[in-house]
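Below you'll find the structure I mean.
A, B, C and D label the chains in the order they appear, each numbered from 1.
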Amino acid sequence: DDVSVSIVFSTGGLGDQSFNDAAYRGLEEAVADFGIDFSFVEPTDVAEMEEHLRAYAQAGYDLVIAVGFQQESALEVVSEDYVNTRFAIIDAVVDNPNVANLLFAEHEGSFLVGILAAMMSETGTVGFVGGIESPVITRFQVGFEQGVAWAEPDVNVIVNYAGSFGDPGRGKELAISQNERGADVIYHASGGTGNGVIEAAAEGGFYAIGVDSDQDHLAEGTVLTSMLKKVDVAVYNLISDLVDGHFEPGIHTFGIANDGVGLSEMRFTRDIIPEEVLAAVEEARTKIAAGELEVADR
Amino acid sequence: MKWNLKNIEYTGILAPLLSVVLALLVGSVFILMTGSSPLEAYTVLFQQSLGSWDAFALTLQRATPLVFTGLAVAFAFRCGLFNIGAEGQLYMGGLAAVWVGLTFAGLPRFIHIPFAIAAAMLLAGIWGSIPGILKAKLGVHEVINTIMLNFIAYYLTDFLVIGPLHGGRAGPETDRVLETARLARLMPPSRVTTAIFIAIAAAIVVYFILFRTKLGYEIRAVGINPDGAQYGGINVSRNIILAMVISGSLAGLAGAEQVLGLHTRFIQRFSPDLGFMGIAVALLGRNHPFGVLLAALLFGALNAGGAAMDRMTDVPRELIVIIQALIIFFVAADQLIRGILKRRRRAA
Amino acid sequence: MWDVLAFLFNTTVLAAAVRMATPLIFASLGGTFSERAGVVNIALEGMMLTGAFAAMLVTYYVGNPWVGLLGAMVAGGFMASIHAVVCIRYRANQVVSGTAINIFAGGLTVFLLRLIFNVAGTSPAVNRIPTLTIPGLVSIPWLGPVLGRQNAMVYLAIALVFVAHFVIFKTVWGLRLRAVGEHPKAADTVGVNVFKMRYAAVIISGILAGLGGAYLSTAHLSRFGDGMTAGRGFIALAAMIFGKWNPIGAMGASLFFGYADALQMRLQEVGIPSQFVSMLPYILTMVALAGFIGRATPPKASGKPYTKE
Amino acid sequence: MKHILQMKNITKRFPGVVANDQISLDVIEGEIHALVGENGSGKSTLMNVLYGLFHADEGEIYVRGEKTTIDEPRDAINLRIGMVFQHFMLVETLTVAENVILGSEIRRGVRVDYQQAVAEVQRLAEEYGLNVDPQAKIQDISVGQQQRVEILKALYRGAELLILDEPTAVLTPQEVEDLIEVMNNLKAQGTSIIFITHKIKEVLAVSDHVTVLRRGKKIGTKATKDTDERDLAEMMVGRDVLLEVEKTPAQPKAVVFAAKNLAIKDERGSERVRGIDLEVRAGEVLGIAGVEGNGQSQLVEAIAGLMPIHGGTLQLNGRDISRQTPLERKQSGLGYVPEDRHRRGLILDYSVADNLILGFHGQEPFVRYGFIRSDRAIQDYAVKLVESYDVRPPEPQYKAASLSGGNQQKVVVAREFTRTPSFLICAQPTRGVDIGAIEFIHKQIIAQRDQGAAVLLVSAELDEILSLSDRIAVMYNGEIVTTMPAEEATEKKLGFLMLGGQPEDYSDANEGGVLDEVES
């Protein structure tokens, strides 16, 4: 019998250049490698989550993956009703024996970004643009701030929230305003809003830093790096484990140590970044991986 | 009690039905463009909304909040006010409900739930009263202020839900409200809660207020002819404010339903534009409470069936949105349908 | 005191205000035409979104963003003509039709994005309408930094405001437009074709809203994003009312919104939670309306379908 | 004898009514042809058919001998037919000149040539003695002036056949005189006119022929000289009509209503009523004569509590009511028939029954427990009123909007009169109402007086003032010029005073108007 996997995405849907897309990439790779049966759904609203999870469980899928914290409470209920189905949830914890919880230490990755930003800044000011303020986005922000402080204690961080994940126009204006206030490296964790941040950087001749997926190509040379949240890897591994017959419930944390988060390859910017900056990033990376450097998540 | 069905102005069930059919026909063109089968898609759409009890339960669940927001918009319309702010009022209602739901431990169910609902209605009513007061006293157009208050409500609840009211979860949401504040599910696992009864009761109460009370008489008079109403000894300002308060509190019920029933918590920006859909529901229902019930049911079915269509077919979810829009178009433009029907009849 | 003033009238803030206001100006002008003719256009949001998409699409294929603008105008006009037919010919409720257009546009743009580019969410980057430097203007102190170097569409928007003012208040067509929105039957009895006027006005409103969308996708930015109008159509609606259904008023109101927003972006640091700062433009608007503006009377026939015997 | 217009066997049906049933109408070139009939008899409908607003179900139209089809107002305009509507077709927010030229604008390129337009309107206005300010907005000018704008619109378009649908209903006596002069002028220049009116005197004074309609059917056409008041009245109503109001001398009792030093400003802050003193006693009718726009409307609205006062006091039955809400004033015994029944008097979308309780809708027995309506009680009450006030059709559930003007007025009168108010204000109580209904309403007003009500009658209709009032006050420019017993008043004298003449300057020598000639 073929293994069958289904995914319920978060309301951002496919095309978010963030974890939905990443999860889908992981699924696609797994399909290519293992030839599994699969199905997915892109809900438009939080209220739908429970019925989709339930329907997939009911339909007998071996693994049902819930993408995003929005599905936490829905999965809590459904995973109790279908104890023989295996579930996974990204970015949240549902403490049931048939649920694997995939958590990402965005703050750790953001810490590295902060180092890069602080050291690349010539003005002594860097910026952060968030989407809608929430605990997850705050993790990006505080990780970034700690990284900046660790590398260059005097560098100032300007923080703005756009109030939306889908307003690139506002993202651009926020970046311009931060730039006018001196920021010359701006990190965004704001979904589609961030496209505007990157455009502003390209136009204004300063640096932007992408998030979640590799956004370096969006403006070559302008996007210094992207903070990768490797949901694709996590999903692929999860399916691969399932195929091999050792699905493991419980909490799986993806951080620096297991390469679950990290920086992009910096294909277009590696030449611009001085050696000592990369060295500092590497130093922090190894320290965090070794547990010598602790990054707070709030 | 004599139902005043004349107000619904539906000459028959035929026209709306035909509208839906026509919308599906046009929608099938889009589906064919993606290479999927319209027949398969529509079979799912129907079966998963009305095809079984479970499906119908889902439809009911989706319809419930729309009944409230539809009634809210319709009520304001009856007083000549265009309440685009049901969305914001809904959030404020949800906010009050979740606060009461989280805070007052030890209350028995039969007190805790009404208390939470009342709080939702109160806060949402106050939120609705702001554009009402500004309109009545200063003549500021309610459309602007209701739009503005939507944004303010988003940001206010955004803040509270990750700040003072934030729960122990990863997401921007509160903890679940206390057991005693949760609306009971009628036929688990479906999430149809007792809110469905509140919705029906609300429609009846709104009908009653509008058409069977002195207050309704005055509110409608103000809506039709404020000068005439003033002449008739009706306090126009007071009725405008009151209508907005009631409208707001109805939208607040939608918030309470979502928070105490569906999600059992307040999730940041949980509403999928329920307030805005309420506008369409109200107008499709001809601003009559029973028309609103029917229109909400239609939308509920589209939502329920549409979600399943996304899951069970290859039709992308945008198409479902498009088909929903088409159905609204055709149902709204029922003159078109009537025209076709008339021509048929004449030809026959 | 001086600090505050310097901050409030900072040229970078004002320049940002102009940029933020531009899409609102286009769309609120559009709304003005439509409502002046008696058709409520709550669909500005959807028409903007369609325009934003079409501008990107055409520019993507043609390469020339000016041609993209034409595409936006056609697309906005097309959406508007649906609204027009449904509202004018079939006398549907204008608000319902508008709501449906908004939903439709949201679905259609992503549907096409997927069909054409096989992506959802964000389109590829395209060429942009250039930024212009106005030689004389740019060197004037204070005004220069604000208005001297802006995207060509900013100037287009401002120019269109005055064109619209001229059209509505000085031309034969404008006279008829105003008559049709106030008292269609009166216009009818003197031989003005009410339906034709309304069709024209609604389609113009779609064209303008489409331009507003195009500004977002091919002037301010260089790609289309799912739902990138982000409620601007509704703000434009408010601006239209705030501006009392006058082009110049609509521009003023749009600038006010833009300004409040630009100010808000620079305020997010003083220790108050970001959400409260984000509320500022909306609160300011309410205060301004309550304090200084007062009553605004819509065109009398707006929202009412016209029926002939 | 050339016909400019022949309408043959026109039939127009509305759901449930045949508004025009095989009606034929011949208008001779250069004549004034009066068209009369009760409210709802089909006059406006016939004219709307002629003007292209309604499409006849059957029948033919010949203009200047040629068969034509008129689908659009534009067709009518091209045939040089002009129409002045009963409910004005004016855009309130536009200026006079803009309204006149709308649809046939004077252009300069794409622009409207406003300068030229204003000059042209000015010229026309002077030529026909239709004085209005071309640059004023419609919303700022009086109803009489709006009427002139309507006529100017038709003249501007070169109308050779002019339809005037109840043009005099809203005019003051002087304005009527002026209009008649205009009509005669036009006739002299070859314009043919169809003239709709409810006032037989006017028919007799200006028309050459008169056609009478009743319940959608044509009763007949007569040469005006071959008919008289009584004859026409009977043709219209189908029975003998009492043309004079029968009443006994008043027996005034205690003062019911008193205004002292009353001052009122309008929304723009200009003073419309300047220190008026007024007393109305139980059992008398005090008539206020005045040219419209001299503060009568404001006076009445302020007494009813619908407009703030800026000075002075209002007393009803000895109590100060100037701070009371409109509702409290009603409850203190004030009844009010407003001049604009569409704007003030009725909620047109409400049923007749619901309109009959407007203002009392919060009282027993219509409402129980202060909140819940009793449909039974409302229905019973409405049935009774509809019957005793002869509202047609006698269906309390019909929307007020679907009633004819006369019947709408009866609804208002029924509502206000039934409550036997101690103080009753009647503003233009018979405007636009047919003679049968006028007779009825007049009787009711006298009946109220005889039951002891104090009645304040405001009317632009001098006939009405003279025949109903026991005392007459003349208002001019916000002040009461003089008050006199009705016996001392004549139409001429009132007319003189209404135009600003001082009582002491009046002599009987003033020349008479056209209408006097037909006074029987």
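Operating definition for what follows: a residue touches a chain if its C-beta (ideal position, glycine included) is under 8 Å from a C-beta of that chain, and two chains touch if they have at least 3 such contacts.
Note that the structure is predicted; figures quoted are calculated from it, not measured.
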One chain pair leads in contact pairs, namely B-C
Euclidean distance of C-alpha centroids - chain A vs chain B, Å: 35
Taking each chain's centre as the mean of its CA atoms, how far is chain A from chain D in angstrom? 75
With chain centres defined as C-alpha means, what is the inter-centre distance between chain C and chain D in Å? 46
Check: chain B positions touching at least 2 other chains come out as 155, 158-159, 316, 321
So which stretches of chain C touch two or more other chains? 110, 114, 120, 273, 275, 278
Quick one: which residues in chain D touch 2 or more of the other chains? none
Chains touching one another, given as label pairs in label order: A-B, A-C, B-C, B-D, C-D
Please give the residue numbers of chain A that touch chain B in the complex, ascending. 13, 39, 41-48, 50-52, 54-56, 69-70, 72-73, 77, 81, 91-93, 132-136, 138, 163
Quick check on the complex: what are the chain B residues that touch chain D? 2, 212-218, 220-221, 224-225, 227-235
Looking at the complex, which residues from chain B come into contact with chain A? 58, 61-62, 154-155, 158-159, 162, 166, 169-173, 176, 189, 191, 258, 262-265, 267-270, 272, 307-308, 310-311, 316-317, 321
Give every residue of chain D touching chain B within the complex, in rising order. 304, 306, 325-327, 330, 336, 338, 343-350, 354, 358-359, 361-362, 367, 370-373, 375
Flag every residue of chain D that touches chain C in the complex, lowest number first. 48, 51, 53-55, 72-74, 77, 83, 85, 88-94, 98-99, 101-105, 107, 110-112, 153, 157
